[in-house]
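Below you'll find the structure I mean.
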Amino acid sequence: MKIVFLFFLLCITAVQNAQTGNVDFNSPDNIKKFADYLFCDKDYLRAAIEYERLADINRSDIIEFKIALSYSYINDYYSAIQKFSGIIKSSVYFNEAKLEEMKINFLNNDFAGLRSYFKNSFITEVDKYQTEGEKLFNFSYLFTDDALPSKDEFLSPFDFNEKEKISSFYDWKNEPPYKDGTLAGIMSAVIPGSGKIYVGEIGDGIVAFITTTVFAFIAYDNFKAGHTTRAWIWTSVAALFYAGNVYGSVAAAQVHNAKITFEFNEGLNVYLNKKNYYITKYEFCD
Amino acid sequence: MSILIKKITTLRNMNFVINRKYFTATLLFISCSSFAQNSFDTQFNFANTLYSDENYFDTVTELKRLLFFDDNSEYNYEANLLIGKSYKQGAKFSDAIRYLTLAEINAENIDELYETRIEIIRINILRRTTRRAFKLLDSLEADERFTDWSDKIKYWRGWAYMFADDWVQAAQTFAEIDTNHVLKRLAEEVDDDLYSVSFAKTISYIIPGAGQIYTGEYISGLLSLGWNVLWGYLTIKAFIAERIFDGIVIANFLWLRFYRGNLQNAENFAKEKNMVISNKALNYLQFGYDGLKP
Amino acid sequence: MIKIFFISVLLFTISAFPQTDRSQQVEEETSWVKWGKADYRYEKPNEFRHREYSFDTESVSGFIAKSTANGYWYFISDLDGDNCPYRPSCSAFFVQASKETNIVQGTLMFFDRFTRDYNIYKRHEHYPRVKDGHYYDPVSLYTLDESKIDYIPPSVTVTK
């Protein structure tokens, strides 16, 4: 009897210990808690996977939105768009989802898609963020070669404190400071290297000038000395450097134009990132 | 007789009753014990199973889940250690070291401390940050608590030397463990096969092309020698004929160029051949060697 | 005599600075995929340059260019050291340029590249780098086809 009592006492102690360490890791509540932790820890892939373990019945509006956000943060734009577009109108985050869809079009460089989406869906479906959507819509013109709207129309949705900056973007896009390849070629044909200096490649221009003139001088010197064969060889070399310099000046103008376009686009991306694509920062992790 | 039988029967009955009590009590205890195995243990075992199945991403997920709910921090060491090992298997070495460092902080005894530190050293060897590995090995060796592990520490030091391409030091280190250590013999063989880069460069300074011939690139060596002889001859001929400018141009743009090229080639050929030799040894170490590996 | 002395000092000074300069940059990759066991090898990757001597060309001009390049590489370029600061090297640039355009345009592109080769001033502000420290200067920038230009800023290390 004593032994049974002793065993019984031991059992109760063991059971009590077990109950304090007994967690149902896979209950919907605990999955959600863990997923929230992963989301705030910026482990977005795991967060998305965890949230998606929840049955539909356990997914609130915020969870559906966070799933879509997680995919967008890990650059899985296809899944993100699918999830955002799946958020129904009655959801608390419907408007935010639509704006996020526009942002993803930006990140995906799908500016035509963005404009079509804005005109066909965004304007009609969304109650909030019309101005923000319009800003992104106008911004998309700065990334493409399509005809720009008029300046007033372009600047209209932007706040007063950013109009100056946006105006400078518009002016650049309207009249980019490109270098003319034909002019660069002609300049180099007249004075070797001058076309490259015009494009901004001063070092290359000076070297082109030196190589062409040095070989031309050597050719002239050999002709003067009566060494005809050598002279013609040096003449050919000089001619090739001369022709290469003209060609290179035209190509340099194209590269220069590509460079400043790249830098302009980088500037736009930096600006948009600073503005968070006109999306208010979420406070899911306070 | 009947009394005896009665007594025996009573004894038997008593025994039966006592045995039944013990049996019932034992059964009750076992049931309680199995119920008492808590969910944290189950979760950790589950993570371990995933690790054994090489499902490392999910292993990390389940361990992070365990740690999130472990308010008493009972699994800080084991979970962080296994997360670190999982990241190591995925070749995510920076993450691995981060979690192993957390495991080290939560180590409760000297064995656990040693295990985490050696894991960190092994990862530093694998990702070839051998300077860091040597620093950590030095600190382990200097720590009196780890005197019993000195042979094992030397073993990993030898591996660090091999990954740092210092086969001489590797052989010496393994020799300190055992003069007939299999890795000592391997390191010595590799060192014997290696070309001397400095020797190749030096003889190329003296005779252009010699370094390349030394490394087995005969055609390259002969061509290099030929070019250097040709330009050298033309340079000297120009100077003798007092065509100084021609001499300078040939020497500068041709002779010096091929002479410098000869030195570069001697160095590069020696380095490349050495890389092939050491890679062969590393390949054996990874796939042919049975002992502990990083 | 003095003139010759100064000229020779100048020439040797230029030659003393090889046109290659190396720098190693370490990169860390982050990827958002469900990763598994990595196929990690102990062996060091072979980053020594090996020439492509094949004649994989579709045109006569491409064949001529490749033959010239192969001969130049085997008898001269492989013996006079690594003198080109760019990748692809000038000779490889000529071969690729002739392949992508034609022999005439390829020749012009080559001479332009040769000129740029001798401009040592502030290269790091113009060209991105490849892993071994050489500057990245692809053919696609100079074909006069703007659609092929994929501008990469100098701050980037190109991994191919």
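A, B and C label the chains in the order they appear, each numbered from 1.
Following the convention adopted for this analysis, contacts are C-beta pairs under 8 Å (C-beta built on N, C-alpha and C of every residue); 3 or more make two chains touch, one makes a residue touch a chain.
Since the structure is predicted, the reported quantities are computational estimates derived from the model, not experimental observations.
Among the remaining chains, A is positioned farthest from chain B, on the basis of C-alpha centroids. The chain pair with the larger count of C-beta pairs in contact, out of A-B and B-C, is B-C. Once the centre of each chain is set as its mean CA position, chain A and chain C turn out to be 29 Å apart. Centre-to-centre separation between chain A and chain B, using Cα means, comes to 39 Å. For the pair chain B and chain C, the distance between C-alpha centroids works out to 35 Å. Residues of chain A in contact with at least two other chains: 49. For chain C, the set of residues touching two or more other chains reads 34. In the complex of the two chains, the chain A residues touching chain C come out as 44-45, 49, 74-76, 201, 203-204, 206-208, 211, 240-241, 243-245, 247-248, 250-251, 254-255, 257-259, 261-263, 266. Interface of chain C with chain B (complex): residues 4, 7-8, 11-12, 14-15, 18, 28, 34-38, 40-44, 46, 48, 75, 78-83.
Residue ranges on chain C touching chain A, taken from their complex, read 32-34, 105, 107-112, 114-116, 118-119, 121-122, 126, 141-144, 146, 149, 151, 153. Within the complex formed with chain B, the chain A residues making contact are 1, 3-4, 7-8, 10-11, 14-15, 17-18, 21-25, 30, 33-34, 37-38, 43, 46, 49-50. Across the complex, chain A is touched by residues 21-22, 24-26, 28-29, 32-33, 35-40, 43, 61, 64-66, 68-69, 72, 74 of chain B.
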